[in-house]
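To keep things simple, chains are lettered A, B and C as they appear, and every chain counts its residues starting from 1.
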Amino acid sequence: MRPNIDVVIAGWGSYIPLYRVAVEEIAKMWGKSARHFKEELLIDEKAVAGQDEDVATIAVEAAKNALQRSGLAPTSLGAVFVGSESKPYAVKPTGTIVAEAIGATPRILAADMEFACKAGTETLQCCIGLVGSGMINYGMAIGADTAQGAPADSLEFSAGCGGTALIVGRKGYEKEPVATLEGSVSYVTDTPDFWRRPKREYPSHAEAFTGEPAYFAHVLSAGKILMEELSLKPSDFKYAVLHQPNGKFPIKAARMLGFNKEQVDSGLLVPYIGNLYAGSSVTGLSAVLDIAKPGDRIFMASFGSGAGSDAFSFVVNDGIDVKRDRSLTVRNYIKRKRNIDYAIYSKFRRKIVV
Amino acid sequence: MHIYNNTKEGKMMSVPRYWREMPERTRLEAAKCNGCGIILFPPRGKCMNCGSESFVQYALPRRGKLITFTIVRSPTKGFEKQVPYVLGMVELEDGTKITVPLTDVFPEDVSIGMNVEAVFRKVFEDGESGIIEYAIKFRPTL
Amino acid sequence: MIMRKVAVLSTGLTKVDKHWRKSLRELYGEAAKAAINQTKVPQLDALIIGNMCASDLSDQNNIGALLADYLGMTPSMAYRIEAACGSGGAAVLGAYTAVASGMYDFVMTGGVEKLTDGVGGNTTYSLGKAADAEFELFYGSSFVSLNAMIMNHYMHVYHTSREDFADLAVLMHKNGARNPYAQLPFPITRDTVMNSDMISDPISLYDCAPVGDGAAALLLCPLEDAPKYSDTFVEIVGIAGATDTINISSRTDLLTLNSTVVAADRAYKMAKLTPKDIDVAEIHDTFTITGALSVEDLGFCEKGKFHKMLANGAFEAGGIVAINPSGGLKSRGHPVGATGAYQVAEIAMQLCNKADKWQVPDAEVGLAQNIGGSGSCTYITILRRGR
């Protein structure tokens, strides 16, 4: 898919909370094997939101970082979308909280999107459409989550918190583009691998079914179709960023698509911060943009349960060198950390029921 | 049941009261006096320096130094689960002083003179049904 | 326009305590009857009463009318004055202007507070409303935490310690131990303070005035008529109020209570007196830090020198000025809306030689200083022994 008017990334920014819980802490609590998570799933620790953080606050900081990189006034934005599966209100858009906090209101489109972990690229596709149709000059796409894993469930080991904002602009109109979109593919089917019913605190999942029929089927299909339609081979790409529910899946899927480990490494963050759900692939992209050079081609494929994958190809432009240092990088946030134990983690994440 | 606030019902903060002051609390919007140029935060009806009634909107700087603080151990109603929490007075880069909560720092690591910067965070959740109240807090500068 | 001179004809106090069995109206009634029955005034023309928290804690507004009714004073004029914990001092100022203007002759004033009617954090929350609701209380700050920031700053600037502040609490209890109206009439040591729980660092439990109920009543009349109705009366020679910013971050100097400085200046000028002329003072020590700043800003010692002077005995009888012989807010207690009235009543008692075991010898001139909020307002009354 490609809009009539070419679109570019005009700015990017991320936010990861301060706190970390090591896999050993959770394993100790529930009598599980830390080794399985560390060595097989390649997760060492996960990022945990503080008591005063939620998807709105994470989105706002990511948004401010993206705006700072872009050099744009907040009122230049024509849309802001927040993709998440842990938004603060069931009914009341996080998008308006973000838009108001960054000073972008009132002439702006704002809404929340949900497609499990793919919501962050859902927002990106919408912005591409709005900018590419000429309806708006700039759109901000945010993917952020403060995902919850049920105590003792395997997902508790990986459910992390964080998010990223990408600002989409029009080629030509944006004077310092960071990267140009070559095209995208969205591939979805009704595959119930992971879900949460209303009023339930934690999601449910179909265990191993979330592998081949869900993650792999959709990511591989989207990726293959994208490369076919754009007449590209895996070796044309410098970087490959995939959705990271753990370290094992993206490395395996990348290999099956024809990418090597070097292409995947720079965007692989899950060992340090866990699975950011709707923030996962876009934060991987953000980490890659933090180090990419003009001319690099970047592959990104998200995955959302339910299920589907959005695959994208970007080529980096000169603007990246001007904008990169204007804000904190993903690595800056990863390095800023404070480990907490299971007790404090439970207090922060409200697992203590009174 | 949420542990962020002590009661299910919350204290039912007036929504208009939260909403009205959002520009000041969530974007640090102050008033600059057109008469004498001083910065007023919170804004006032008349300038306490020159009496002028004419002001222009002014965005406060986002960074400053911590000039004093306290560690609250006996909380205000509704803040029980946040104890101990830190409140501080920050002198911003332009000299304006504001009273704000600190975040992303354990109480024992707070010190007078530390560099701090503004971040958008939750202040309060009004029980399980009420609104969520956000404002600018300050954290150690990254 | 010529203002009449005003006298405090008589006073009545209740002990400060957790008065579970006495309601708001009963408590003030007790103090008011004590004051009224000491004199033979022909009528009571008005009631001007101070109170801060009744609306929140006892669901009671319209306290002026309530108490006028309870005292059989209807249809006399009545209203309540609210200035946070300065309500008592502000009410006395209101009553003073009522008499001085010539509009009313015999005016009941004072304050009453029922802090123990509050439950589950309501009392602390209600007290916190003295601050800026939108820009201080909103963040979970309270009366204690705002003053704690001031104390922390003082310690940083003047290189003092918690022990220095503890010494003020010790003196307050030493004085209050002799006062039958005091809520906490027992001596303490530095260790008591240092070992007490932190409320909001660096303020600990024993740096704070206790929570209690109480009422103080004063009967005012024109000075020229006072000798007809009482043998022991005092003259109000100086009285003033002043304000400062509501929120502490807007203060020009965080360590100066400018409302106290200005109100004191106005009151001293009106009385044609200076700090040196004051024999006894009842000052507003809600917290030990507030007490220290109050003494400095009333002109009794230089900024930053309070602790040194305290250690040298400057603030006990025989020193520069006897501070809080009643035990102050710390030991006598702080039923907030009534405190300012307690202070004026205590000074009146000192000047009339009625303070029994806590009497300061030869007290001729006394000063009462009552603060609202974290220094956003101050009401000062200077009294002289009646002729």
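Everything below uses one rule, namely that a contact is a pair of C-beta atoms (placed from the backbone, for glycine too) under 8 Å apart; a residue touches a chain by one contact, two chains touch by 3 or more.
Note that this is a predicted model, so its numbers are computed, not measured.
Student: Which label fits the chain touch graph of this model best, line, ring, star, complete or other?
Tutor: Per interface graph, the chains form a line.
Student: Pick the chain whose C-alpha centre of mass, unweighted, sits closest to the average of all protein C-alpha coordinates shown.
Tutor: That would be B.
Student: Using mean CA coordinates as chain centres, what's the chain A-chain C distance in Å?
Tutor: Distance between chain centres, rounded to whole Å: 60 Å.
Student: Go ahead and note the Å separation of the Cα centroids belonging to chain A and chain B.
Tutor: 30
Student: Could you list which residues of chain B touch at least two other chains?
Tutor: Answer for chain B, listing residues that touch two or more other chains: 82, 101, 123.
Student: What are the residues of chain A that contact at least two other chains?
Tutor: none
Student: Sort out for me which residues of chain B touch chain A in the complex.
Tutor: It comes out as residues 1-4, 22, 26-27, 81-82, 101, 103-104, 106, 119-123, 132, 134, 137, 142.
Student: Going by the contact rule set out above, which residues of chain C touch chain B in the complex?
Tutor: 120-122, 124-125, 128, 132, 134-142, 144-146, 148-150, 152-153, 156, 197-203, 245, 247-250, 254
Student: Which residues of chain B touch chain C in the complex?
Tutor: For chain B paired with chain C, touching residues are 17, 21, 24-25, 40-42, 48, 67-80, 82, 85, 87-89, 97-101, 107, 112, 123-124, 133, 135.
Student: List the residues on chain A that touch chain B in their complex, please.
Tutor: Contacts found on chain A: 18, 50-54, 56-57, 60-61, 64, 88-89, 97, 100-101, 103, 328, 332, 336, 338, 347, 350, 352-354.
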